[in-house]
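Inspection log for the structure reproduced underneath, given as structure tokens.
Letters A, B and C mark the chains in the order given here, with residues in each chain numbered from 1 onward.
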Amino acid sequence: MASPTTDVTDGGTLPVGTPPVTPWRDRLTPWVFRAPLVFMVMFFAIPMALTVVFSVFERTMFWMEPGFTLFSYENFFFSARLINFLDSMKYSLIAVAICFVLGFPIAVFIRKSVPQVAQHRVILLFILPFMVSEIIRVFALRPVLQRNGLVNSTLMDLGLIDEPITALLYSHTGVVIGEVLSFLPFIVFAGFLAMEAVPKYIFEVCDDLGVGPWRRFKDVILPLAAPGIFAGSVFIFVNGLGVALLPNILGGAGAVNAGLIATQAITALDFPLAMAVSAIMMATLMTLLWIGHKLFDLTKILSPLS
Amino acid sequence: MNDYDNPLLHKLKWAYLLLVVTTLMTPVLYVMYVSFNANGFGANAYVFTLEWYGLIFSDELLIGALRWTFMLAVVVTVIAVPMALLAAKYYKSANNKLFPVFLLLAPLFVPPDILGSALLVFFKNLNLTFVWLGDLLGTTIFDSWFRLSFLTATIGLIIYTIPYSFVVILITMGRYRPEQTEAARACGANGWRAFWDIEFPQIRAGVFSACSFTVILVFNEYTRTSLLKGGFDTFTTVLISQMLNTGMSPQSYAMSALVSFIAIAVIGSIILFTMLRADSLSRTARAKAEPVMS
Amino acid sequence: MTKGTPDMTSPRPPAVEVRNLSKHYGDFVALRDVNVTIGAGEYFVLLGPSGGGKTTLLRTIGGFHRPTSGEVLLNGQSVGHLPPDKRPTTMVFQAYALFPHMTVTQNVGYGLKVAGLRKDKIAEKVDYALEQVGLSQFTHRKPHELSGGQQQRVQLARAIVLDRDILLLDEPLAALDAQLRKDMCLELKHLQEQVGITFIHVTHNQEEAMTVADRIALIANGNLVECGNARDIYRAPDKTFTASFVGENNMLSGKIATANGTSAIVDVAGARLSVDTRGLHVQDGQPVNLSIRSECVAIDHADAAADAHSIKGAYTESVYLGLTTSHLVRLPDGTEMISRVISDTDDGLPEAGAPLRVTWKPSDIRLHVE
């Protein structure tokens, strides 16, 4: 019988007690696995952090030069931009609330009443609209919401209205509709992940104890699913503030959010202003995530993943 | 559904779910509908035609843009998905999970215009730094580094797509039992071989989904691409600039519908495929396992 | 496939030698200065409570953990930090370790494929291994189409087909139900005798350990408590922990009253008991433990003559266990003693609280000093 231990002889010749010599390959391996993180630090974390630095640079005709000035921040906080920004926050919050009311029950329903094996497939249904370019979906809302668009013509054909509703497009309403339609799938995904924290037997226990749907939601589901709901809400809120397309295509006068201010600044070659807006947005995002982490421990969301 | 649920209510909930999905799809479906009308949007008469689609493929600019888009999608996928895979492997074994997970998921939360602007200014500065460095050393070879180009667009899109791949791969990895890797090591396979023979076949579905996601995301992306691309055009940038300049022309309806068709076809076939496969697998498994278990 | 009968006297080095092995996880000490030698061809069992460190020891031998200090020698050679695939060991895992995307044949043949064997050679060896574990008719099944016992047999086949010297088994039967576990125990024992390689088997189940083991090592709280032949561990435990973990022992604690060479008198619950010192050094007044297996304890009338091998108590209750019945007796200090007898009749049971005397043979009581 051939010796099965041929592998061992070369390794086994190590004299007893010698410190093991790690070949260069073994030392390199951990860094291969860290490469994505290094990449993310270099091209994501650092550029995002540098927005703060660039935001205090002096503006020149076509570019900027190192210096220290708070002019860009003044430009933002002491102008109509701040009003617009706060306004967009308000409408973004409204969109978050609508998304939650429309979308979260779907996540609960999928977890509760759809058989385990089919749950992921039902979730995939919500990926379908998300897979069509966001910009096309937003642009496509124009013919739908227009004066002579799908909604108005349908409602008029049904005889429900006599005059077309013009407030649907080129208005704050239009932006909110766009936000809801763009981001609704995310509250379903986040809610679905969050509902992992709510075991299915909870529903049976509640039925057994005679707990009604509202109390069940308020006392059991909401506290357990809070981290996921919060993460989904932050996502929608921040994107409502930051996606320039929505007010650009669907909004009217005064519908300007942070994303639009930033891109307009870039077009006007006012790079420090764009960086100031980015820095403000990042600060808003970080504050929200920090608050959420203190309140709910956001790492819980990932427990189903690890 | 539980035995004591109200069946009508259950059906109503399903109806609501499907209604929401349909509502989300309505604008796209409506665009598709309009794109086949010879008279375009808003006309009273509907005449079916493929004329507008013909126009797309005779447009030189558009064909060039399609080629760039395709290249971008392939390059980003080839880099981003393996990176997401490495990151997921790292995440699984890391002691401190908060840092990697924050770094890999944060791009999801950064709005496109903010990420695009920040990277644009970062790359411009990086480029100027390299030009200055080249001047000091008396060389011009650095001058093109990080000038807005295919490279910068690729980097921006990798940052954008990595969180999606990471999450998809991590979810499929969740079902993998690490004992199997140990068993493979005990069978004499080295780390790489154990991964390739044992773990990869089991997470392959996740990796492939991550690839198709990435391709679709890159294909659809407008804001980040247009800010970082430099000289060339992609499908969406051509489409949007046409829309912004001349409004929605019948041709832009056709273009929008076309990309939507492709995206839906890809994702739809993935859904169908996984459904059918899972069904047939569980059926054969049940059929075979039952006599054994009894 | 014969590997020669186990021969401990030959100059062949021991299969496994563990020297001063420690393993720390931060502040937690999983293994503390463990030394153990396992001969070639032995069936060796690591027995102990969950979380005691036995699996850590096994996995360190297999190369899945790096020792914090100390070393492992396999076949007389230090394996240093060699990864699992470079060691003469192979492993059978608790469960879930079959490759779900491969058939039984592919699973078993995987290690040979990695080793680069020719296809026909692989097929031949796989067939033989599957025959040994009695799975020849299931070759084309996928793991999820097999029962738990069959899955573990596939794992066994996958391990023995490699012809490695040392087979590590990490709680291989833990996921199986009681009856199946009993059958598989015997099969494991026969398989080991057949292939003649060293088996190292981790379990927390003492019955399983007794069935298969040539020798047993008890591991608890990161320490190797005691190591010896299976029978000796059961009949003549050395340490208090061994006595309390293996078998059903009555543990009595007391103080040495007088020690005189080979035997000692111990004060327990108001009685003076005589016990063999087994060469242990004891001093007067030293606290010690005594153990007596429950099947060696008999119940006598309360008025039976008092001697140094019996103790007074009050009857509590009886527990009928089918084959045996346990009689519970409370001693004056509150300690409960169990007398286990073959169940024959329910007649003549004393009433609860009735005084009686518990007796045993002088050779059945053991002294433990820690």
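By our rule, a residue touches a chain if its C-beta (ideal position, glycine included) is under 8 Å from a C-beta of that chain, and two chains touch if they have at least 3 such contacts.
All of these numbers come straight from a predicted model, not from anything done at the bench.
Undergrad: I need the common contact partners of chain A and chain C, sorted by label.
TA: Neighbours common to chain A and chain C are B.
Undergrad: Select the chain at the greatest separation from chain A, using centres from the mean of Cα atoms.
TA: C
Undergrad: Would you kindly tell me how far, in whole Å, the mean C-alpha position of chain C lies from that of chain B?
TA: 54
Undergrad: For chain A and chain B, let me know how many angstrom lie between their CA-based centres, rounded off.
TA: It comes to 15 Å between the two C-alpha centres.
Undergrad: Residues of chain C that contact two or more other chains, please.
TA: In chain C, 85, 162 touch at least two other chains.
Undergrad: Of all the residues in chain B, which ones touch at least 2 other chains?
TA: Residues 188, 191 of chain B touch two or more partner chains.
Undergrad: For chain A, write out the residues touching at least two other chains, lowest number first.
TA: 7
Undergrad: How about chain C: which of its residues touch chain B in the complex?
TA: 62-64, 83-85, 89-91, 93-101, 110-111, 114-115, 141-142, 144-147, 150, 155, 158-159, 162, 168
Undergrad: Give the list of chain A residues in touch with chain B in this complex.
TA: Chain A reaches chain B through residues 7, 29, 32-37, 39-41, 43-48, 50-51, 54, 63, 102-103, 106, 109-110, 113, 117, 121-122, 124-129, 131-137, 139-144, 148, 150, 181, 184-185, 234-235, 238-239, 241-245, 258-260, 262-263, 265-266, 271, 274-275, 277-278, 281-282, 285, 289, 299, 302, 304-306.
Undergrad: Quick check: in the complex, which residue numbers of chain B touch chain C?
TA: 177, 179-180, 182-191, 193, 197-198, 201-202, 285, 288-289, 292-293
Undergrad: List the residues on chain B that touch chain A in their complex, please.
TA: 1-2, 5, 10, 13, 16-17, 20-21, 23-28, 30-31, 34, 41-42, 83-84, 86-87, 89-93, 97-101, 103-104, 106-122, 124-125, 155, 158-159, 162, 167, 170-171, 174, 188, 191, 216, 219-223, 227, 236, 239-240, 243, 248, 256, 259-260, 263-264, 266-268, 270-271, 274-275, 278, 282
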